[in-house]
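Below, each structure is written out as C-alpha cells.
Here come two complexes built around chain A, the first alongside chain B, the second alongside chain C.
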Partner chain A sequence: MRVERIANRQMGFIIFMIRTTFIIATLPVLTSGNAGQDAWASALLTLFVTVVIAVGIAALGARFPEMTVIEYSRKLLGKYLGGLISLGFLWLFLHIAATDSRLYAEVLVTGYLPNTPLLFIVSSMVVLASLIVYQGIESLGRLADALIFLFTAFVIASMLVAMRRIDAANLEPVLARGVGPVLSGTITPIAVGAQFIGISMLVPVLTAPKKAVSAAILAALLNGVVLVLAAVTVVGTLGPELGSRTVFPFFLMTRSLELAPRFLERVDVFGTIAWGFGLLIDVTLFLYCGSRGMSQLFGLRDYRPLVAPMAVVWALLAVHGYDDVFEVLALFRPEVIFPYITVIMFVPFLLLWAAYLIRRL
Partner chain B sequence: MPTVSRFAWALVLCSVLLAGCWDIREPEELVHVQVLGFDVDEEGNYLVIAQSPMPQAAMTQSDKGGGGGGAAQPFLTQSEKGQTLSQALQNLHRVMTRELSLGHVRVILLSERLAREGIDPVVDMVTRERQLRLLAGIAVVEGDLDKLMRAQFPPESIPATGIGRMINTFGRRMAVSTSEPLLIKVVEYLRPGQDILLPRVRVTTAEPESKSTEMPGTPPMDMFGSAAFCGPRLVGWMGERETRGWNWVKTRNRRGLLLVELPGGCLASLLVVTSSATVEPVVDSREVRMKVKVQMGVSLTEVSGPAGIVPDLNLTDEETVLLIRRRLSEVVRNDIEMALAKAQELGSDVFGFGNLLYRKHPELWAEVAGRWEDIFRRLPVEITVETSLCRPGFIMNTLRTR
Partner chain C sequence: MRFFRNLFHRQSDPGLSELKDDRLDISRREAVEKQLPLVASLEDNLEMLRAVVGPSSDVITRRLKVGRGRIPAALIHIKGFVDTVLLERITNVLTLGLLESPVGNASRHTIFSEFRDRLAQSSDVMEVTNFDNMWTNLAQGHAAVLFDGTAKALTLNTQGFATRAVQEPASETVIRGPREGFVESIETNVSMIRRRVRTPNLWMEQFTLGDLTRTQVAIMYIKGLASEELVQEVRQRVRRIKIDGILESGYVEEFIEDNPFSVFPTIFRTERPDRVASMLLEGRVAIFTQATPFVLVVPMNFFMLTQAPDDYYEKVPIGAFLRLLRVVGFWMSVVLPGFYVAALTFHNELFPTDLLISISASKEGVPFPVLFEVLVMEMVFELLREAGIRLPRAIGPAISIVGALVLGDAAIRAGLVSPPVVIIVALTAIASFTVPTFSYGIAARLFRFVFIIFGGTFGLFGIQFAFLAVIIYLIGLRSFGYPYFAPAGPLILSDFKDVFLRTWWWSMTKRPFLEALREPVRAAGGRRPRQSIEKEEKEKR
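Right after this comes the complex of A and B.
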C-alpha cells in the first residue's frame, strides 16, 4: 500500500490557516478576557506561548517519525493509559471541528442567511471535507497549496481596508491597568492552541518528519503575527468597547468598511471567504485526524471506511452539541476552556514528554 | 472509488445542494430603503419612516415624458409605529407590497424629540441589526421629520438621493457642518469622557408629496451646524461657527471658506487648504487644563470691498500677509472659543477632552470621571493658533481698470 505524503510546507500552510481562521472567527484576545485596548499585548504574549506549544507537540512527534500521537501514546504510556489519552485526543479532534464549523454556520446565519438551517451549512462543509479525506491526505496538502494564496490575500485585504479607519485613540491608554487584563486575554487563545494537536497526526505523513518542528514554528509565528495585526486593526477600528462586546469582531469590522464609497463597499466578503477556506481545511484536517486515529486505536487497516459515519457524527455534534451561539461562546470563556484543554491535552502531552524523557534516561 | 460509492456521494451532494434555498429574496419582491427616519411619539411609541426609490415608477414617468400631475412618484415613503424600533420596522410590511431590504440604507435621520429622549435604542439596533451597516450617515432633524421625508428634493428625482448627498457630501466636506459614518459616531459614543456631535438638519420649506408633484426650486432642508449630545441625549444645538470651531480642534472637516476683515472694510475670502491640531492635557497639582494648538494654511480666493470697490492688496508686502494671518488667527481662535463656550454651557464634552485625560492620565481620570461634567464646564483651555497664507491664487496684486 502506497504511503501518502505531504510536504512540510503544506503542513505549515494547514496549521497557519486553521489557526488564523479561529482568529478571524472570534478574536479571543479581545473577546474572552478584559484586555480591551491592550488586546495587541495579549496577542503578543499568546504568540510566544503558542510557539512553545507548537514546538512541544511537533518535537515529540519528530522523535517518533513513523507514528501518530495515537500510536506513540500507547508505546510511551502503555496500552491502557495511552489508550485513554488517545480517546481524549480523538474527542478533541471531533470537538474542535464541530465547534469551528458551528461558529462558521452561526456567522453565516447571523450575517447572511437567517433562514437557512444550520444543518445545511454544516453538512455542506462536512460533506466536502469528507470527500477530501476520502481522497487521502495528499488532497488536503494540495488543497492547502491551492487556497493559501487567496486565503492570505483576503485576510491581508481585509486588514488593509481597515487601516484607513484605525484611530490610534482607540488603542490608548496603553497597559494602564497593569498586566492582569492582558493576561486574562491570553488564556483562551492559548487554550485554543489545542489546534496544534493536528501536527501530531501529520508528522508521520510528512516528507521530512524530523523537520516538522521548523514548519510548526513558522506556522505559529506567522499566525501570531496575524493575531497581533488583527488585534490592532479591530481595536483601532471598532474601539475596545464595541470590539469586545461583539460576537464576531473581525466580521463586524469588515462589515463596517468600504474600499471606495458606492464602488466597492461589501469588503466583508473577503473575510468571510477566507474564513470558509480556513474552515474547510480545519474540518478536513480534524476529520482525517479523527478517522485515522480511530482506525489506529482499533487496529483497522484503513481509515476510509470510518470517514462517512464520522462525518455524520461531526455534523450532528456541530448542530446539536450546542443549543445556541451563547453556548458555543460559553465554551471559550477562560474558566471553561483552559481547564478543559489542560486536562484533555496539555497534561497528557506533559505526561508523554515525561515518559519519553524517563525512557531516554 | 467504486461506482456505487460515487453514485452514493453524488446522491448525498444532490440532496444537500439541490434541496432549495431558504433565504431566497427575489429582487422584484424587494424594496431597498435608502433613508430611515426614527421618531418617537407622546406615548413613547417609536415611529419609523422609510424611504425607498421605485425605479419602475421612474421608468413610467420617463416613458410619459417626465411626469407631471398624477404621475407615480419615483420613490415611496412609508411610516409605522411600534413599541420598539424593530417592531415599527416590522410593522412597515403592513403597508408595503414588497419586503424591506435595509442593506442599502445611506442615511439615518433622528427626530429632535427622539434625540432628546435618548439614542441608546438606536445605537443598540443599528449595531445589532443584520442588514444595516455602520457605513451609513446619521443626522438629527430639527423640524418635522415625516414632512421632510415626504418632500421633493430638486434636482434629485429621489429625495433619498438628495438627503444622502447633502449629508454625506456637504456635511463631510464643509467645516460649518459635520458628518461622519455611523461607525465613527458609535465608537465615540462608547468612549469614556467623550460626547458626540451629530450633523443638524433643518427642515425649511418641506411640502408633502401629496400637495405637489412639481419640483420646487430648492431642497426643503439645509445643513446648519450640529447637534450636541451629553451621553445619549441631545442637549443643544451648535451653530455654524461653533461647529467650525469644533472641526478645527478635531481636524475632521478641514475644508471651508473663512472671511477676514481687512482695513478699509475690505473682506478677504480664504479657503482652508491644510489644518491640523494637537490637544494636550496639562495636570498641575491635580488640576487639569487643556492646551490646544491649531495650525492652518489658507489660500486667498477673493478680495472684495464696500460699494463694489476692491481696495489695493499687495501680497508681496510682508506687512499685508502678516495682517491677513493675524486676522485669520483671530477668526479661528474666535471659532474655537465660541465652540468651547457653547459646549461648556451645554455640559457636552464633544471635544473629547475627558477621553484625552483618560488616555493620557488614566489614574487621574479614575478619580475625576464621576464629576467630569462639572469639571468640563469650567475647564481652562489655552488656545494657540498659527496660520499661514499658502497661496495667493493666480494673481499677487489687486487688478484695476485704467
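Right after this comes the complex of A and C.
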C-alpha cells in the first residue's frame, strides 16, 4: 500500500485554520473570563503558552517520526497505561469534533436557518468530512492548500472592516484590576490549545517529520496574532460588557458591519463561510485522527472501515451531547474545561515526556 | 476421394478452405487470416486474397508477366488510398523498366531481390512474409508487388488520399496566434508538431488499436523531458485497450482515464497544434488518433480549462486580465444563479434595501418561487443552446430570435418570469461562453444545477456545501497520477505565474513543477528586455 504523505506546510495550514476557526467561533471563551477590556493581554499571554504546547506536542512527535501518539504512548508507558491514555486521546478527538460542529450548527440555526434541524447541518458536514477521510489524508492536505487563501482573505476582510470602528475608550483602562483577571482569562484559551493534539497524529505522515516543530510554531504564532487582533477588534468595537455577554461576539461584530453601504450589506455571511471552511478542516482532521488512532489501538491494518461508524457516533454526539448552546459554552468555563483537559491531555503528555526523558538517560 | 483431397488440401494451406466457409464468424476469420503465410505460388496467393477480401471491388489486382522470362507477377492496391501517379510509375517500372534493364534477365528465384534492390522506386519499401502484414500495409496506402516463385511480398509506399485541408479549428478560435488546426490524418497532424518542435528528441510511438478498425494511435513526447514513469503509464494504458473499433479519440480517452465517472475531463483535448507543442514542452505526453482532429494531452490539470492560447501570444497585461476574467467567468457560470436563488430565498438582508425593493417589485405577480423560475429559465437556455448547435446553419438565427423574443420578452410580459432572473440567466450564459474550450463548459453547466437546487433549499449554507463538495471532488481527482487541482491543492506557489494570471515569458523561467520535475528550467533568468549594453555601461561609469 502506498504511504500517504502531506507536506509540513499543509500541516501548518491545517493547524492554523482549525485554531483560527475556533477563535471566530468561540471568542467568548476569551472574553467571558473576567479579563474584560484587557482581553488583548490575555490573548498575548495565550499566544506564548499555546506556542509552548504546540512545541511540546510536535517535538515529542519528531522524536518518533514513524509513530503516532497512539503508538508511541504504548511504547513509552507500556501496554496498559499507554492504552488508557490513548483511549483518552481518542475520546478527545471525538469530543473536539462534536463540540466544534455543534457550535457551528448552532450559529447557522440561530442566525440563518431557524427551521432547519441541527442534525441536518451536522450530518452534511459529517458527510463531507467522511468523504475526505475516505480519500485519505493527502486530500485533507490539498483541501487545506486550496482553501487557505479564501479562508484567510475572509477572516482578514471581516476584521479589517471592523477595525475602522474600534473605539479606543473600550480598551481602557489598561490593566486597571492588575494581572489577576488577565491570568484567569488565559485559562480557557490555553485549555482549548488541546486542539494542537492533532499534530501528534499528523507527524508520521509528514514529508519531513523531523521538521514538524517549525511548522507547528509558525501555525501557533500566526494563529496567536489572529487571536490578539480578534480580541482587540471585538472588545474595541463592542465594548467589554457586550463582548462578554454575547454568545458569539465575533459574529455580532461582523453582523453590525456594512462593507459597502447600498451595495452589499451584512458581510457576516462571509465570516460564516470562512468558519464553514475551517470547520470542515477541523472535523475532517479529528475524524481522521479518531479513526486512524482507533485502528492502531486495535491493530487494524486500515482505518477506513472505522470512518463510517465513527462519523455516525460523532454526529449523534454533536446533536445529543448537549441540550442547547449554553450547555456547550458551559463546557468552556475555566473551572470545567481546565481540569478536564489537564487530566485527559496535559498530564498524559507530561508523562510521555517524562518517560521519554527517563529512557534517554 | 474427395475426402482425401480435402484432407490433403487442408494440410497444404491451413485455413484457406475454412475462409471459404460463409458460416465462419468474424473473430475466427480474423484469427485465421492472421496466420496465413504467403506462399511461393502467385496463383495461390491471389486465391488467398480473393478468399479474404471477397468481392470487394476497391481492392485492385493487376496481373503482369514481367521481364524477359515472362515471370507472372501481380500489383495490388486499394482504390482511393494511393497516389495514381506513383502507382503508374511502379507499373511502368515493372513492365517497360524491367525489359530495358539487366534485371529483366533475372530468374524466377532472383527477380524479387533484384527488383527490391535495384528498381523499386520508393524510399519506403517493406518486405512482408505473411498475409496480415501485407494487408496492413495495403490499408495504409501501400501497393504490394508479388512475384511467382517467391513467398514474400514487397510493399511500396504510394500513399495519397484526400483529407480535409488544414483550417482554423472551429471550436478553438484565437484572435492572435496560428490559424492551423489538426485534420483527420494522423500523418499530417504529427508533421504539424514536428514542424514546431524540431528536436530529434521528439519521440513518437505508434500502436494499432481496434481489432476491426485497426486504427493507428500514436503517443508523442520529448524524450528526457517527459517523466519516464508517465510515458510508461501512458504506453501501458494505451496498450490495454481492447475493442473492435476506435473511431475518435474519445474512445481512447475513456479507456485511459483515471476516474471514468468524473464529470470534469481529466484528459485534455485540443485541435490546435500550437497548444499541443506548448504542452509537450512542459513535459506532457500527447496521444494522436487516426481520423480525428482531436489530440489528447496528459496529464491535465483543472486550471488548464481557463487557459486560452491567446494568453501566451497577447501582451501580458491584456492576456492576464483576460485570463482573470475567464476564471471569474467560469466560477460565475457555476455559482451565480445558485447564489441569487439562495440570497433571495433565505438571505434578503444581503441586498441593500433599495435593491431589494426593486427586485421584489419586479417579482410581484410572478406566481412561482424564485428557485423554480431560475431552474426553468436555465433549462430553457440549455435547450436553446443545444438546438443552436444541432440546427442547420441557415435556421440557427431563427431559433435565437424565437429564444430571445418569444421566450425572454414574452415570458416577462406575461408575468411568468421576473426580469432579474432573465438578467441572471443571460449573465450566466455569457460567462459560461468565456471558457475557452467549449465542450468543457458542460461540466460547469451540470454543476450549476446542483448549486441552484442546494441554494434554493438550504441557502448560502447549501451553496457552501456544494462548493466544498466540488472542491473535495476536484482535489480527489488525478490525471495519470498527477493531482488534478494542482497548483492550488497541492499548493505550488512557483506555478502561480501561469494560473489566474500569466507573467512575462522572460520571468516564467520554470516549467510546471510536477510535470517537468526532470528539467525544471525553461528559460535563462535575468533576460528582461533593457536598453543596449553600451548605454548600461555608460551609466555604470
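We adopt the following convention: the second predicted complex is superposed on the first by the 356 of 361 C-alpha atoms of A that agree within 3 Å, B and C clash if a C-alpha of one lies under 4 Å from a C-alpha of the other, contacts with A are read in each partner's own complex, and residues count from 1 in each chain.
As a working rule, a residue touches a chain if its C-beta (ideal position, glycine included) is under 8 Å from a C-beta of that chain, and two chains touch if they have at least 3 such contacts.
The model shown is predicted, which means the values in this text are computed figures rather than measured ones.
Peer 1: Touching A:242 in the superposition: chain B (first), chain C (second), both, neither?
Peer 2: In the superposition, A:242 contacts chain B only.
Peer 1: Once chain A of both complexes is superposed, is A:131 in touch with chain B (first), chain C (second), both, or neither?
Peer 2: Both partners, chain B and chain C.
Peer 1: Now for A:111: first (chain B), second (chain C), both, or neither, which partner does it touch?
Peer 2: first
Peer 1: For A:343 in the superposed arrangement: first (chain B), second (chain C), both or neither?
Peer 2: neither
Peer 1: Just chain B (first), just chain C (second), both, or neither: which does A:176 touch?
Peer 2: Touch status of A:176: first partner only.
Peer 1: Looking at the overlay, does A:123 come into contact with chain B only (first), chain C only (second), both, or neither?
Peer 2: The answer is first: A:123 touches chain B but not chain C.
Peer 1: Just to be sure I read the superposition right, which of the two partners does A:163 touch: chain B = first, chain C = second, or both, or neither?
Peer 2: After superposition on chain A, A:163 lies in contact with neither partner.
Peer 1: Considering only touches as defined above, state whether A:7 meets chain B (first), chain C (second), both or neither.
Peer 2: In the superposed model, A:7 contacts chain C only, not chain B.
Peer 1: Tell me the contact category for A:146 with respect to chain B and chain C: first, second, both or neither.
Peer 2: After superposition on chain A, A:146 lies in contact with chain C alone.
Peer 1: Go through chain A and flag every residue that touches chain B in one model and chain C in the other.
Peer 2: 112-113, 116, 124, 131, 261, 265
Peer 1: Would you mind writing out the residues of chain B in touch with chain A in their complex?
Peer 2: Those in contact with chain A are residues 1, 9, 12-13, 16-17, 19, 21-23, 127, 130, 133-135, 168, 181, 183-184, 186-187, 190-191, 352, 355, 358-360, 362-363.
Peer 1: Per the contact definition, I'd like the list of chain A residues that touch chain C in the complex.
Peer 2: 7, 9-10, 108, 112-113, 116, 121, 124, 128, 131-132, 135, 139, 141-148, 261-266, 269, 272-273, 276-277, 280
Peer 1: Across the complex, what residues on chain C touch chain A?
Peer 2: It is residues 346-347, 349-352, 354-355, 458-461, 464-465, 468-469, 471-472, 475-476, 483, 485, 488-491 of chain C that touch chain A.
Peer 1: Can you tell me which positions in chain A touch chain B when the two form their complex?
Peer 2: Within the complex, chain A touches chain B at residues 110-117, 120, 123-124, 127, 131, 134, 165, 167, 169-170, 172-173, 176-177, 237-239, 241-242, 252, 255-258, 261, 265.
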